[in-house]
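What follows is a pair of complexes built around subunit A, which joins subunit B in one and subunit C in the other.
And now, the complex of A and B:
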């Protein structure tokens, strides 16, 4: 065996009950290699790296780490072998400060007589941030209430603090904004130059080709392709993933801004202290208004503030058709506005409740009969119709949300609003963590809403997404509107990035 | 005619039924049938009435993931004030004063909990202690603790039982078939989600505590009319009985969709049967009955929680990678 192979995986199998999640997976990763892992939701990517990270034991097959047999019994064991992971779903403990989260489970080194020395712990954590050039995170603050992006960075710091020879990243870029993505790419390159290896899982094909040396494609638990990144194209990869040709244009194909004259919502001088300042814009009937910006630009805050979830210190959100000011989310709900948050599991869905209950929640007012009667039949009908219309993969409508895959959760998250007559739809990163197929479907839903006259505010960390869908694009910087670009103007990534930075 | 219908019963929903049946059969056998006599059954119902009415009101609060430990002291306060008002200004005042005072106390609690974001547990414990003092003070100067004779009509069976039924039907309707109940459950499932969808969370919390208070007002009328008036002991440990009935019935402390009204009915009956049944088999001393109640509560809560975990697990589709990811996350959470 050649000396430059770090990890060799041979015929790995994993079953979950009757499901064969990984079938005879074999591949190798060299020292200093950046390997991409891609496949649709449910193709077994996460299962595979969970086995490498010691979260699951394999049912059969072997792994060789530097030529030695390797079968980690736990993530700690994997850490001891210099392998660490950043998982897809959030893995920080909200009631603990950021610094403690970095050394979670390893606070012993800072403990004296049973007392953890927070000062030296935070110092060590700060050193990690400095060493790897990670963006600033307030280490003393509780992670509860921090943005997804910040929490992801804390997890990344935790993974890096074990000095990994092999780092596993499960869909981390989707939670990061442009500038921090670039930082991550630099970090990956740095690890590579140190002779360390990285496995990256991402749904973003272009990104993967760009940052990796080689890509392994999984479908239904099997390896269906193993290619050198430089010799492949995005279409090749997509074809391998779904096993058939798929059309490339899931965004809009026209290049003209097209929307009605009627202003649906006017936002004037909206200010949320420390987040956004003096933000004003109009969104029209049938318009898709994009928002993009770097991580501290405040684009996500705009969504929350417009839906009345934050108390602005100044300015107002004015609903033209009814001539009223939206101050509270309950008022927004009553007046046919909708908000799809970025954090699906914690903010959007009742994760332990059924698909039925989640579909119905925003429509309860509309479903009421006389004396407030909510007929179980009506509720069931709505849930069934929407489940079928959106083809949500589930056993029945009474299944709990936590059993669904990310893509199907997102269908419910967005779809439940489409059961109503919505005037303004606010979407915050609607395609985070969903695969190509569902992504295309979500875009088609947005296009359909546009056709029906709905005004849409599309907030996204994915530049290609807002460029592909918006009529107008508002570029924000440091909480202010920096520029408004129309679809028929200079609508390219380069020109937008120039304004963003 | 029979259409095959897939019946969905989760283990979690079976537990309260099973507990009820086991307890009932146990006492029916050990008491050699005396528990089942018509006379005793009517006593059982009488003894459950208060717990059921207030339990159904408190269910709105528990569904939100909160708890109201002030129902006992609210009952005492409401009873004393209503008795005072009725004796001082007119018999008929008993009813409106009881309902209004009970509701106001509830709304006050709800306001403190929701506006100032104090955990309901702490607010209501503070109420439990503080208000008892006020109750004792009022009792020290009112001339009589008995309600006016004319109001005793409320305890007549032809008034009492129809009123009881009506109250339960209305509460069941509001809880299971209107937005109020659905919103309460949504708040218990995930308060952030409810808020982000546009549920008026603050308002709904006040409403839930106010409904709970209203049922305390109703309960005080039943209690006053059947006892003839108030006493120093009124409402003592009543909050515990109500909480026990709700959790005994299989509602989870976290509330949410596990909250169902029928569970309160079952839980209330189960608790009443335990107390009543222990009497019948000659273990009437409170030291026995209280310890046995405690042990049974622990046992049933344990089984309910286990069952809810199990049904959650079996609901997962194994072929979805994300579901597996979450299991992985749980696994690491343990390791941490």
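And now, the complex of A and C:
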């Protein structure tokens, strides 16, 4: 084994019951190498890095770390070998402060005579944030209620605090806004310059090509390609991932804003203290209205406030067709509005309930009979129809949501609203954590909704997404509308970034 | 992101806010006490009455601290009432036999042992704790009946403690024990690895596991820590009452009602005040209300509890104002 190889994986296999999640996986990662790992949802990426991080034991195969046999018995064991991970689905403990979360499980180093010195712990946590130039997080504040992005930053600080020689990042970029994503790229470069290695999982092909040295592609649990990032193209990667050509109409191919004259919803001077101020806009029939901005711009708050999930201190959301003001989510739902939040596991789906229940829940009023009776036949029919229409990969409609991959969860999350007659659809980061195949499918659903006259508010941390799909784009800064750009104007990343910053 | 700018000394700011809130709360309690005193024609702040209130808050406060650890790790144990009964028996039996060492160690030993045993059941059988708790409560109640100490009737059993051994039920000793309990509970809950691990376990079991926290060991530690507080509660309860009454048919659960009300109230306050500190404050509030109701001749029992229930709801509504989402 060459001295510059950090980790060598040979014929690794992992089974979950009858599912063969990783099949004879072999690859190496050099010291100072940034490796991308990509594949469709359910291709076995997370399973693979979970074995490296000590979360799962391998069923067969070997791993060599710096030439020595490596078989971590737990994440702590992996940490002791200078390997740490930021997982897509794990997270932080809401009932504990951010600083404690950074060192949770390792608080003994701050313990004297059985008492944890929280001052030293917070100081050490603050030093980690400073050392790696991470965005500010209030370390003494409970993480409960913090935004998903902040929670990911805390997890990142936690992973970095073990001084990893190999850092594993599982789809974290899609939880970050553009400015923090750039910070992460800088961090990855810094680790590289220190001779440390990083494995990055992302569904953003262009991003992976941009930030990595090499990319390993997985399909159905197997390695189907191992390429040098500079020598490959996004189309090559996509082809390897899905085993066929991906058609060109990923985003919209027209460059003209096209929507009806009728205003579906008028938002006037909407203010949520500390989050957004004086936000006003109209969204029209058949329009896709994009929202973008930096992390503290308030774009995600707009979605929640318009749907009535946040109580504004001023302003109003006016539903034109029914001449009424939306103040509560229940009223929004009753009046054909739908909201798909960014944090689908915690805010959107009933994660331990079945696909059947998740599909039916928003449509219960339409499905119930005259005396409120819900026919099991009708419920099953709707769940089956939607499962087939959206090609949700599952064992049956009674499988629980937590067993599905991210992409399939999102199909249910979005699809259940499309089963209804929706006038306004609010989508907050609808393609977060989904692969290119599902992404293309979700865009086709949004385009179909546009064709059917549905007005859509598309909030996204991915500029390419809002630029690719929107008729008009609202750029926010510090909680205010900074500019509105139409699709036929200067609709480029450069011009939008200029307004954002 | 919350913000990208750094702030000056946020931990100090938080401690200051908590201290201000605690002071405001204490001021409100004092004002309320003066109003209560006026309503009761001076009876409420009479020194004898104050002694009664202070004496009666101690043991439920200890049970409530035990609940804080129990709930923090995400478990429920409905057999705590029965454990207090058995702990009280042990306090008397060992006390009458060995004197003060028996009083203190007897109750603490039985309380800790049984709560620890319960958590072994929860950890190793994987039965939902509230189901296992009910089953264990029935077993402990039956055990208490089986002991047949000084049996007087078929359904009602009591055991009496020597009057010379009841010092911990009297002032100032009970309040001194309370103060020691507060310091210990605060440190264990907020400033020890095991306290943080317990809270992590209740927050997210999977994350805790991934971070290397030993789930079984942590659960057993909850049993041990909660057990110590519950055992001590048995000692104090017996020192005040002098005898323990028990009936079968899960009526031991009644003993948990006041401590539960205290913890629920403290949970409402925990957004602004550390829950361990909130517990004795809430204990005073609840017992002051009961005392007031008694002084104004509201019949004890159902009607007083209805008042307390209404108070809890009203307090909860005020406390949760401004909370986002569903409060569980």
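Side notes on the structure shown:
Quick note on the criterion: the second predicted complex is superposed on the first by the 500 of 501 C-alpha atoms of A that agree within 3 Å, B and C clash if a C-alpha of one lies under 4 Å from a C-alpha of the other, contacts with A are read in each partner's own complex, and residues count from 1 in each chain.
Heads up, the rule we're going with is that contacts are C-beta pairs under 8 Å (C-beta built on N, C-alpha and C of every residue); 3 or more make two chains touch, one makes a residue touch a chain.
Keep in mind it's a predicted model, so treat the numbers as computed, not measured.
After superposition onto subunit A, partners subunit B and subunit C are found to clash with each other. Once the two complexes are overlaid on the shared chain, A:310 sits against subunit C while remaining clear of subunit B.
Greater residue coverage of subunit A by touch, when subunit B is weighed against subunit C, goes to B. Contacts of A:137 after superposition on the shared chain: subunit C is touched, whereas subunit B is not. In the superposed pair of complexes, A:146 makes contact with subunit C only, with no contact to subunit B.
With both structures placed on the common chain, the touch criterion links A:339 to subunit B but leaves subunit C unconnected.
Once chain A of one complex is fitted onto chain A of the other, the partner contacts of A:475 are absent, as it touches neither subunit B nor subunit C.
Contacts of A:94 after superposition on the shared chain: subunit C is touched, whereas subunit B is not. When both complexes are overlaid on chain A, the residue A:364 reaches subunit B alone and has no touch with subunit C. When the two structures are aligned on the shared chain, A:104 is found in touch with subunit B and with subunit C. Look at A:348: by the touch rule set out above, it reaches subunit B but stays clear of subunit C. On subunit A, the patch touched by subunit B and the patch touched by subunit C overlap at residues 55, 74-76, 87, 91, 93, 104-105.
Of all residues in subunit C, only 1-7, 10-11, 14, 72, 187, 190-193, 196-197, 199-200, 202-204, 206-208, 210-213, 324 touch subunit A in the complex they form. Of all residues in subunit A, those touching subunit C in their complex are 55, 74-76, 79, 87, 90-96, 100, 104-108, 111, 114-116, 118-119, 122, 135-141, 145-147, 149-150, 153, 158, 177, 179-180, 295-296, 310.
Contact residues of subunit A toward subunit B in the complex are 16-19, 21, 41-47, 50, 55-56, 74-76, 87-89, 91, 93, 104-105, 170, 307-309, 328-334, 337, 339, 341, 346-354, 357, 360-362, 364-365, 368, 372-376, 393-396, 398-400, 402-406, 408-409. Residues 6, 8, 177-180, 182-183, 185-186, 189-190, 192-200, 203, 256-257, 312, 315-326, 328-329, 331-333, 335-336 of subunit B touch subunit A in their complex.
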